[in-house]
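Presented sequentially are two complexes of chain A, the first with chain B as partner and the second with chain C.
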Partner chain A sequence: MHSTPRTGTEEPLLSICDLRVTFGTPEGQVVAVDGASLDIHPGEVLAVVGESGSGKSQTALAVTGLLARNGTSEGSILWKGGEILGLPEHQLARLRSEEIAMVFQNPMTCLNPYLRISTQMIEGMTMNRKMTRTQARSACIDMLETVQIADAANRIDRYPHEFSGGMLQRIMIAMSLLRRPRLLIADEPTTALDVTVQMQIVQLLKHIRRKYGTAIMLITHDLGLVASISDRISIMYSGQIMESGLAENVFSNPRHPYTRALLDAIPRIDQNDGELRDIAGEPPDPASRTSGCPFHLRCGYRIASCIENRPDTLGSREHAHACHLSNET
Partner chain B sequence: MLLQIENVTVEFSLPGSPARGRHSKNRLTALAGVSFALAERETLGIVGESGSGKTTLARAIVGMVPVQEGRIVWMGSDLSSTNQDSRRRIRKDMTMIFQNPLASLNPRMTIGQIIAEPCQIHEPGVSKTEIRRRVAETMEWVGLAPALANRYPHEFSGGQCQRIGIARALIARPRLIICDEPVAALDVSIRAQIVNLLKQLQDEFGISMIMISHDLSVIRHVSHRIMVMYLGHVMEVIPSRHLLQKSCHPYTRTLIESVPVPDPKIQKTRELPVIKSDPPLMNTPASGCRFATRCPIARDSCSDSQTALLEVESGHWLACPYCELPPEFESGN
Partner chain C sequence: MLYFILKRIAIAIPTILALIVLSFTLMHYAPGSPFTGERPLPPEILTNLEAKYGLDRPFPQQVARYVWNIVTEFDFGPSYSYKDRTVNEIIAQGFPVTLTYGSLAFIVSIMVGATLGIVAAIHRTTWLDSLTVGITVGAQVLPNFIMAPILVLVFTLWLGWLPGGGWQGGQWPYLVMPIIALSTSFMASIARITRSSMIETLNSDFILTARSKGLPFHEVVIRHALKPSMLPVISYLGPTFVGLITGSVVIDIYFSTGGIGQHFVNAAINRDYPLIMGVTILTGILTVVFNLIVDILYVWIDPRIQY
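Right, the complex of A and B next:
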């Protein structure tokens, strides 16, 4: 099920096609990602938006080959045109260290509290690249300056607890950029941070994209954050992609009832909104997937075929969605 | 007035560095002379970044942290001079809802027991059947089926756990509910449900609320007035409906501008806030305005003396002598 026929001439950097991620658990099989397709072109910022359990993080982990041990992925993940799903571990490790970097939600838990920042940053540089410690150290200091850590030459020898959450997240981003990756996967990079600091991280990500041409896959539930930075959006629900397209298209003309409901459910700072329109019910449990459209249980526009058949994804790379209702009209 | 906070200061002692011995005089001022009043049926929103003292303020009101200076007056009686017994009676009227819904519920109690507990503590004479009836009634108010009363917290989702927390806060029919980040841990689609539920309960039962959050868009949506805090100080107090047009403290403006608008067209044209560095550490003493180190309009005099919180307009209090009213905020559409 190819959802997004390409209109651009350039080759996508990453192309995920009909990805299915399942976990074997004592209670049975849990389907985390259920036939998701998306692609990212060089230098592009793609936001993958979804609530908890929507499969957005598992999609990213499948790309980097970091799924939990009981997880299996099927489908196809092409990196610069070559299949990387099922690659042996040492090749995936090389990919992760050289081309695809990842930044996680909580920077404090990603750094070793016993080691200085310098030790942790330099380690990756000297390990499999012919670089001396002195060279690596000065490259690290340069990168810390790029992410606006003041007095980087001295601060690089501090321990993680001596930094604030926002600074640690900038350090994590600096670490991930050391090897000049082509793609940066940022999984909820600002969720643990204050709003003013969140803005700094957004500006930093934009700066990085301009300076290095790094493509960014931004995984988040925050539609405000998405609107500030992304070129394109994929909205995920229950392991499937409900709607995708250029950010302006999805925000100004949301076609899927779920996207519309999400946009109606958030209070906006710039408008005097009346009652928030909530979405009744709960996001579905990944352990019990329903047939048909996964959103049909909570959807106000449900018709008979929503319960029986899964809707096809129709549209282009600029704007596509999977909904029976709008497919008919 | 239901609740009056007068010049409340809360300090914590910090463990000293080993060289100076374990009991150093290192103090951290979490709240520095905070004052406000809360009327019946009013919702006051308290907003600020981490370390602004908003949670400490909530804890000071319910008596979970000791107050060093100032007075907390509940319906005319000073809480710091009341004894344990009357304090307990007052606690019946003041309840709290916490951020992490699952962590705030005892995993070994059924939700029926959890919801009933405040009733049993505050009204020991009430019969079991009456308690069961009240639990069922309260569960219905918050949108939970009473048949679920025998289940355990782990069987519920985050949004449902937050409803259980609200039911527990509601069963003793309080006059004030303090909500500490009630929706921060919830999914977007569930957030709106809980926000709407809180608003609806307030209308129905006439409860006053103190709503603490870092999310200005949620705060603005639910509150009548908004109090902006920074490092233990009140920066600005303003009626919610005037927040966008009339708030003028540089910190308030920074917060407003930092909240992204879920519309790429608007977001592209918005001016990004000029904010310097991270918040300073709380234990570094500052003589003047605490925001001076990050403020875009700071002058030399800002770091000299503490700025007083003055009423610049009816209901609008401001702790900055230099800011001007902002140009009309461009709203969407």
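Right, the complex of A and C next:
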């Protein structure tokens, strides 16, 4: 499906193993991520796809140590082979500043409305790199031009409310790239944008990966959007990884009923019957996890063991899945 | 921005003029006269007095003369009750006193209040937060007229550390209790406002962005959260200012500081109309100017405000 699928000989950049993220709330414990594992190799684009509430954002936030105060993470998160889960805050801050950058869903609210774009871009550059303000400023202007903001030299001193959503997201992406991260985590970077702008942002991410070799973890609930950019895909549901593998394997040979349901939900231009095929039913409540496969309540292929045991994840990096049915056949 | 400031000043001037005319009219039609004492004055003396102060002339003429004197010379005329002293002299003597401890109380309220609020917000759900909230809730129900006797009781009568009143040219032992008594409740309100707006700001998306850049947390607070979380505090500065002015009347009397508040009360008791009007108009002008500064501050902080 995509140009250069990585084979997995080199060491992964990021390797999440059996991650569990829980939140303490007055109503009890909420399990947002429930034993998820995934890894990303240098320069690779991994799409993490799942419905709202499946734990995608919390996985990303756990990596960078930005969980809400009431959140705890367990398991293992390796960055270049070293454990980063539970690192002290100043080391995590350093990791965020130098290696792992993030772009969030809503560009309209993610930039500080009270500060100029230039102020927000330059800060953090002059701090960690030995750079003067003038150097940092011209680096920012260059980066804005890379993300196709016209007349960047003048517009850099404007305030966020003077830009459109699509432009703000480009600015956010430019800002995240300034520190030359090895990994860019983009958490639904297109969800808040117009459909026409969505594809432009995806094109931009592709361009960035090509230009800087940045690995990208692209979080989305829109499987259709990531088809053209992702090397690999992880399908997430109810805090667990249902299926993962090379993009072409997942797209052409989906093994998990949930993946198939997601693929069916992609609107197609060629068979536009005017209705979106949503998956029937609701995802399980993260505050009360049930036993067995989390998808069994909505699954049309349910067998007895689906209700009792959680399926093991079988397969390789090229293609793996967690489903009793496919495991048996 | 300059245009905005000029426009606001252009609005402020008629406001002040209206204030002057209105207070004069109210005083003119208020029942009674400064010369109705316990024993009625003989009619010829009354006529003489009225002629001396110009009270025999028609009302419009009186207003015009009053406004004219203020606008051209900032002259509020003679006092009725303090013989041979002008309102200007009395104000010149009392006003600096009130202004000194008043502005210090203002600064203390903001600095201490905002600091407490920020500390509480940052250490939310820890004992430090609970302590600050406890203190501010307690302090908020302690207005100046309750704080003043408590302070005197503790620091003058029990501990003997501070003088119970007086001014002595504003030496610090005489300043401490007026400032604390006047600022406590405002300090508490500002602390509460700062705390809740800081907590709200820290939950914003842009704070997450700032943290994701790897800025240390104190820099995230100072660079990104301070400005937006101070906006509600700034809108509270107007009411604080007015509250401090009215509170100073209590302080002046309780601590015998010789400030303008003391004269104001005396003037009201003696029906010294020029003095009442002088103090009223002066505080009115200050309030207008102060609100002007607050408005400008607002526009300066929030780039989204259209002006």
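Definition applied: the second predicted complex is superposed on the first by the 315 of 329 C-alpha atoms of A that agree within 3 Å, B and C clash if a C-alpha of one lies under 4 Å from a C-alpha of the other, contacts with A are read in each partner's own complex, and residues count from 1 in each chain.
Convention: a contact is a pair of C-beta atoms (placed from the backbone, for glycine too) under 8 Å apart; a residue touches a chain by one contact, two chains touch by 3 or more.
All values reported here derive from a predicted model rather than from experimental measurement.
Judging by the criteria at the top, classify the pair chain B and chain C on chain A as clash or fit.
After superposition on chain A, chain B vs chain C: fit, no clash.
Now for A:M102: first (chain B), second (chain C), both, or neither, which partner does it touch?
second
Could you say whether A:E89 touches chain B, chain C, both of them, or neither, answering first, second, both or neither?
In the superposed model, A:E89 contacts chain C only, not chain B.
Looking at A:P283, would you say it contacts chain B, chain C, both, or neither? Reply first, second, both or neither.
So A:P283 only meets chain B here.
Between chain B and chain C, pick out the one touching the greater number of residues of chain A.
Greater contact footprint in residues on chain A: B.
Regarding the shared-chain residue A:E27, is it in contact with chain B (first), chain C (second), both, or neither?
neither
Does chain B (first) or chain C (second) touch A:D151, or do both, or does neither?
In the superposed model, A:D151 contacts neither chain B nor chain C.
Minimum Cα separation, chain B versus chain C, post-superposition (Å)?
5
Identify the overlap between the chain B-contacting and the chain C-contacting residues of chain A.
none
Give every residue of chain A touching chain C within the complex, in rising order.
64, 66, 69, 89-90, 93-98, 101-102, 104, 106, 109-115, 123-124, 127-128, 159, 161, 172, 175-176, 179
Considering the complex alone, what residue numbers of chain A touch chain B?
Going through chain A, the ones touching chain B are 51-52, 150, 164-167, 194-200, 202-203, 221-228, 230, 247-248, 251-252, 261-263, 265-273, 275-280, 282-283, 298.
So in the complex, which bits of chain C are touching chain A?
Touching chain A from chain C are residues 124-125, 204-206, 208-217, 219, 223-224, 227-228, 301-304.
Which stretch or stretches of chain B touch chain A in the complex?
49-50, 157-160, 187-193, 195-196, 214-218, 220-221, 241, 244, 254-267, 272-273, 275, 277-279, 329-333
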